[in-house]
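Shared chain: chain A. Partners: chain B in the first complex, chain C in the second.
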Partner chain A sequence: MSAMLGLLSVALLTATPVWLATLGETLTQRTGVINLGVEGQMLVGAAAGFAATYLSGNPWLGLLAGALAGMALSCLHALLCLVLGVNQIASGLAVLFLGNGLSSFYGTTLVDKQITGFHSLTHSAAARWPVVGQFIAELTPSVYLAFALWLACAVLLLRTQAGLVWRASGESADALRMLGKSPARWRLAGILVGGLFTGLAGAALSVDYTRTWVAQMTAGRGLLAVGLVIVARWNPWLALPVALIYGLAEALALRLQSLGMNVSPYLLGTLPYLVPLIVLLLSYRASRRRGAMPQELSGVFRGMA
Partner chain B sequence: MKNSPILTLLADRLMVPLLGTTVFIALAAAFFHFNGYPPGKIFVQILKGAFGDAFSITTTLGKTLPILLCALATALPARMGLISVGAEGQLYFGALAGTAAVLAHPEASAWLMLPAMLALALLGGALWGAIPGVLRAALGVNETIVTILLNYLAIKLVEYAVYGPWKDPSNLGWPATMAFPGTAQFPAIACDGVASNWALPFAVVLALALFVLVEKSRLGSALALLRSNPRVARLAGIRYAPHCIAVMALAGMLAGLAGIVQAANVQNHLQPDLSSGYGYVGFLVAWLAGQSFLRIIPLALVMGGLLSAADALQLFAQLPYANTLVLQALLFISVLGVGAARSKWRRA
Partner chain C sequence: MQLELVSVTKRFGQTLANDAVSLFIGAGEVLALLGENGAGKSTLMKCLYGYYRMDSGQILLDGRAVSIASPRDAMRLGIGMVFQQFSLIPALTVRENLLLAYPQAPAWHGRANSAAILRLLGEFAPDIAADTPVAELSVGQKQQVELVKVLNQQARLVILDEPTSVLAPEEAQRLHGIIRQLAATGRSVVIITHKLEDVRACAQRVAVMRGGRLAAEVKETGVDERRLVELMVGTADVAPAVAVLPQSGITRLELRKLSCRGEALNLRGIDLQIAAGEILGVAGVSGNGQDLLADAVSGLAALDEGEVLLDGELLQGPVTRHPDDPRLGYIPEYPLKNAVAAEMSNSLNLALRGLARDPLFPDRQRRWSRAEDLMEAYDVRPRDPGLASGRLSGGNLQKLVIARELSQPRRAVVACYPTMGLDLQAARAVYEALFRQAEEGAAILWISEDLDDLLSYAHRIAVLYHGRVAGVLPAAQADRTHLGQLMAGGRLS
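This part shows the complex of A and B:
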């Protein structure tokens, strides 16, 4: 039982950046825009977050700086695809390339730097609670932050008037125009909020999870998040379980290594890509058939937008 | 000469590239200036580092080859509307498969070795390209996401091989296979101190062949119809699935060829840093060329020069290598933005 809980807490810790990124991209896509630049936004978030934590010594400032950096980069996506009308996939890739370049360029001075990160909760009062105490204490502030944001997003998106308009701009831009609202404005909001979340996701990775900075450290997590949005059928509630699929694959790879299994760590390292990819394939057909996809996105997915 | 149709056409054709380049140079100059490097001096250094002497031209040509092939591997699927970013992974997997032939029979004669190595590399690349093709055709899975994820997977597999079963113990911990024998290398060409190998002219011929195949045959119009209107294509008897899979497999072959040349001739080993992001650079070149196989050739040379100059800049100006990543992104953004703005303005 405690072994299972241990695996679950490692999975949650690993999954948190992907969880936040999936949540952010879900919000973006529900307004009818796809942003493949998540990976780049996570990278600038990770670099800016790490730099801010290093300079200020305050990991909370780091998370804030990362989120803002992600949002700043997402403005490029808004400019290219909303204002200039560039293909959304190409525009997202431009964001990805620029984020990768900027974070690698400015990040060169951050390599090998040390930060302290958040204080551990393992010696707090909560750790002495029966059964779940140890589990709760293993988790870090970014997990709790992700949890709060997840609840807030899902309720706001699915249960409020503003959430209804948000979703409507992804379902039918025409209907929104008839109501006298501008779909472009809601999409801008969708892109910026997505940028904020994915920047935060990157900072959670570098400030709280690895506590180091390496160029290209997100290693495909941002793109996985874009895929996982589809697996989650654009439902914010499902962002947690789908991110846990990634987290469990990664945690399992780590666990098998530490158990001294005679399997190459590089081979095990393929699990976090293979498992979500397979789940993506299994759920793809179902997610399209059941009409979960925001209608305004279907053109992009047919490759014609 | 007012309103001469030829001049109008010329201005029309040149406007996007010229304006795009201008925007790019402005952005790049701003980037260098902002970081405390004099833009003028850096630009001169880039030109020198790219084409300044025989050594830099040799480096440039060495980088041009994989970029050219990866750009072709991007442009071909783009002709039927597929946005593949998978050349990087296809390059890695092609090299992995080709290396298997070399390691199986390192003593084989060149007549056996080269064809076997090449065949396996092409097959490997084709397989890695066909996977997203099949998924797209059978399930409708977005090929962009799958190709990028497969890139990471292919790199992991190469790492597994060179850190594990294929690692040569005599390398003293350095993760790489044994050195490729001379029989497993593409014949060299040299001229006035500039060195390259026969794979480069072969790649140019491939680009021309693709041009003829796609622009001058029915295949091209079939692909164009599949891109613009799959429903009409189906009515015309052009089936999506076989085209999608074949085009992706063929693209994979092109990138796989780049991978094996890189391993055999450039690095002489299979090692984890096989590619300096050539797959992604190739993607950019294909888009800058408007997916035209002919325009890809000179643009690949320019981009090869830019990468070769980045090495030199790192040495002489202490400019981090990552500046090329920023420059490439700025170039992509400029051309995308200007192109889209022009068509928007024209529609209005």
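This part shows the complex of A and C:
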């Protein structure tokens, strides 16, 4: 396998949790709600997913449990900002800290536990395919799952009637109301689906990528995903390339570290966060000109639900 | 479809917007609903459309009582409405906007299966491509898409809330044609309007509202214009009382080779001179650079080249800009968006000019009482300085902006569609305030779509076409045909 493909497969593995979280937050924001609690939802998903895998021995069950846990926590955001009318920024931060605290508290018993993740594909038939065989076999089921969800979401959002109403509720709640539709209902769906995806993202991280549980193991990936939504200009298709930028930077940092570069690992660790930031800066002007932001998001600071 | 509103009452807090209004709308009939700003026309129709829930009253459809609790119910019963503020989503394409409102929209959006949705678009607006984002359409085109959207819902009663207040004359005529066509196919139309042209062109019956009540109902045929005006605003005398003569010789406002880049098109090489006391009208089909011209002169848009001089002094240039110069009054287009902070109080909005020169702790008491005085003088209703300006009706908001911009003497005034959406009396008040400034020696740059008003009140008329001045004519020598030619990009013969 060529070095390039090797780097790409590592990047994809690394990027998958961020990819899923970016996708989830994109879906949420397209209904006109911002959820800063992604990090908390990922942590809860990671802890629940790891625990379920540990107890059942089935990593698929782990992913499911993680996704459901993320969605459960996102209900809090829905309650606070859709029902009680709390400012979305404040509500999102509450979710973030609650998720962080809950996962750390209940996760203490999970530390140092061992799980068996997905079976490796390296000895399957696919691995013997020419050129791409090795590459395909390197990837894990959560990458394929993310790929399927990514395709499905983008197509549903951009090519169906339900997706159209979904986007419309992020563009103009008033227009939707004039048609006799309830924007709040679509926003609830947006928050819950976002919770589901980010919980899954957390589980993918703990069950499939690191296969361990450590408190605060997401290390800012959730907040990064919120930023990447902007880099991707709220376009679900762009969630993959944008997450890949992060993945490549992370893969590069790991490679440099293993080559024994004489740079502090802490500084190298900022690389995956710095690179998307630079991309954001470069793409900022373009995104402003094309007005890609769902218009209802500008109401966030007015305290509107 | 016959429809009858029986004793509809709707209250907003203290305001009684509709007071036991009963109204009949016959099948295939075009009913014009007239009345001054804040009379309750929009509210009544929004109750019928289920957007507001009426406090009491009944709706009879073909003699049968129906309950309309939401726009969804109204659509199901065949009632469609085009709102005063458009309800299209700018970021979506025409096709998507139509799909969004289509009752049996296909779950999957393929190329092939939107043919039914686009059929009426092809019929009423063949020049609009289905995949254009709505943001790129002109106002008139948006209106047509709105109408197609409503017709797509199989509407048998179409309510149009001030559809022509934003349209250029030809676009309005086209809409009149469409309305007559709708009536001919048995559909009923209610058109809310302030323009007598609309009544003349397509209405069969006229209902007039005043102060939340139905003031009169007349057949269109045979009622004379003065009587209609009188019914609408209580007096037939609506021509502005101020007549000004320009003080020739003194050039007050001068635009020299002004070029400016805009989102849709650029202004190039605009040369205009306005004398003290002169009213220069600017005509043109909307979207030919009018708003950009106004922004450039008042210093909100950056100039690429050229300059704006006031009394020979540099006011705006590529390097210097004075957007809040006290010598300049500015009434922008769409006051809700461009002239006020909608969430803030009337008292603050009235104090916005010169805010940067205010002390750190301004005298709130004085601000408040000044607001009270201004609102009294310019008849802004309700007279509440503490109310958020976004809550005012369109006409009253415009009066608020006029009060702020024209209550002090100015050297120059830029007015962009200052009477858009105003009733005749309110329009008269705006013109008087504007012309009084001219009388006191201000140079007036007045952008309008109303050719008749321009021809009656402006001293000279400049026509804007594709960001250039296509020609300047003294009003006495201009007529509609002349101007129409220039507006369409033709040359003077």
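Here is the rule we go by: the second predicted complex is superposed on the first by the 298 of 305 C-alpha atoms of A that agree within 3 Å, B and C clash if a C-alpha of one lies under 4 Å from a C-alpha of the other, contacts with A are read in each partner's own complex, and residues count from 1 in each chain.
Operating definition for what follows: a residue touches a chain if its C-beta (ideal position, glycine included) is under 8 Å from a C-beta of that chain, and two chains touch if they have at least 3 such contacts.
For clarity, every value in this text was computed on a predicted model and none was experimentally measured.
Participant: Now for A:Thr28: first (chain B), second (chain C), both, or neither, which partner does it touch?
Facilitator: A:Thr28: touches no partner chain.
Participant: Could you figure out whether chain B or chain C reaches more residues of chain A?
Facilitator: B
Participant: Report for A:Thr198: first if it touches chain B alone, second if chain C alone, otherwise both or neither.
Facilitator: In the superposition, A:Thr198 contacts neither chain B nor chain C.
Participant: Considering only touches as defined above, state whether A:Thr14 meets chain B (first), chain C (second), both or neither.
Facilitator: neither
Participant: Determine, under the contact definition given at the top, whether A:Met178 touches first (chain B), second (chain C), both, or neither.
Facilitator: second
Participant: Classify the contacts of A:Ser264 with the two partner chains as first (chain B alone), second (chain C alone), both, or neither.
Facilitator: first
Participant: Touch check for A:Ser283: first (chain B), second (chain C), both, or neither?
Facilitator: Touch partners of A:Ser283: none, neither chain B nor chain C.
Participant: Examine A:Ser104 and indicate which partner it touches, taking first as chain B and second as chain C; both and neither are also allowed.
Facilitator: In the superposition, A:Ser104 contacts chain B only.
Participant: Does chain B (first) or chain C (second) touch A:Val165, or do both, or does neither?
Facilitator: In the superposed model, A:Val165 contacts chain C only, not chain B.
Participant: Residues of chain A that sit at the chain B interface in one complex and at the chain C interface in the other, please.
Facilitator: Shared contact residues on chain A: 302.
Participant: For the complex, which residues does chain C have touching chain A?
Facilitator: That would be residues 50-51, 70-75, 81, 83, 87-92, 96, 99-101, 105-109, 135, 343 of chain C.
Participant: Sort out for me which residues of chain B touch chain A in the complex.
Facilitator: 81-83, 85, 135, 139-146, 148-149, 151-153, 156-157, 159-160, 163-164, 227-228, 230, 280, 283-284, 287, 320, 322-330, 332-333, 336-337, 339-341, 343-344
Participant: Enumerate the contact residues on chain A facing chain C in the complex.
Facilitator: 159-162, 164-165, 167-168, 171-172, 174-175, 177-181, 291, 294-295, 302
Participant: Going by the contact rule set out above, which residues of chain A touch chain B in the complex?
Facilitator: Touch list, chain A to chain B: 36, 76, 79-80, 84-87, 89-91, 93-94, 97-98, 100-102, 104-105, 107-108, 215, 219-220, 223-224, 226-227, 230, 264, 266-267, 269-270, 273-274, 276-277, 280-281, 284-285, 288, 301-304.
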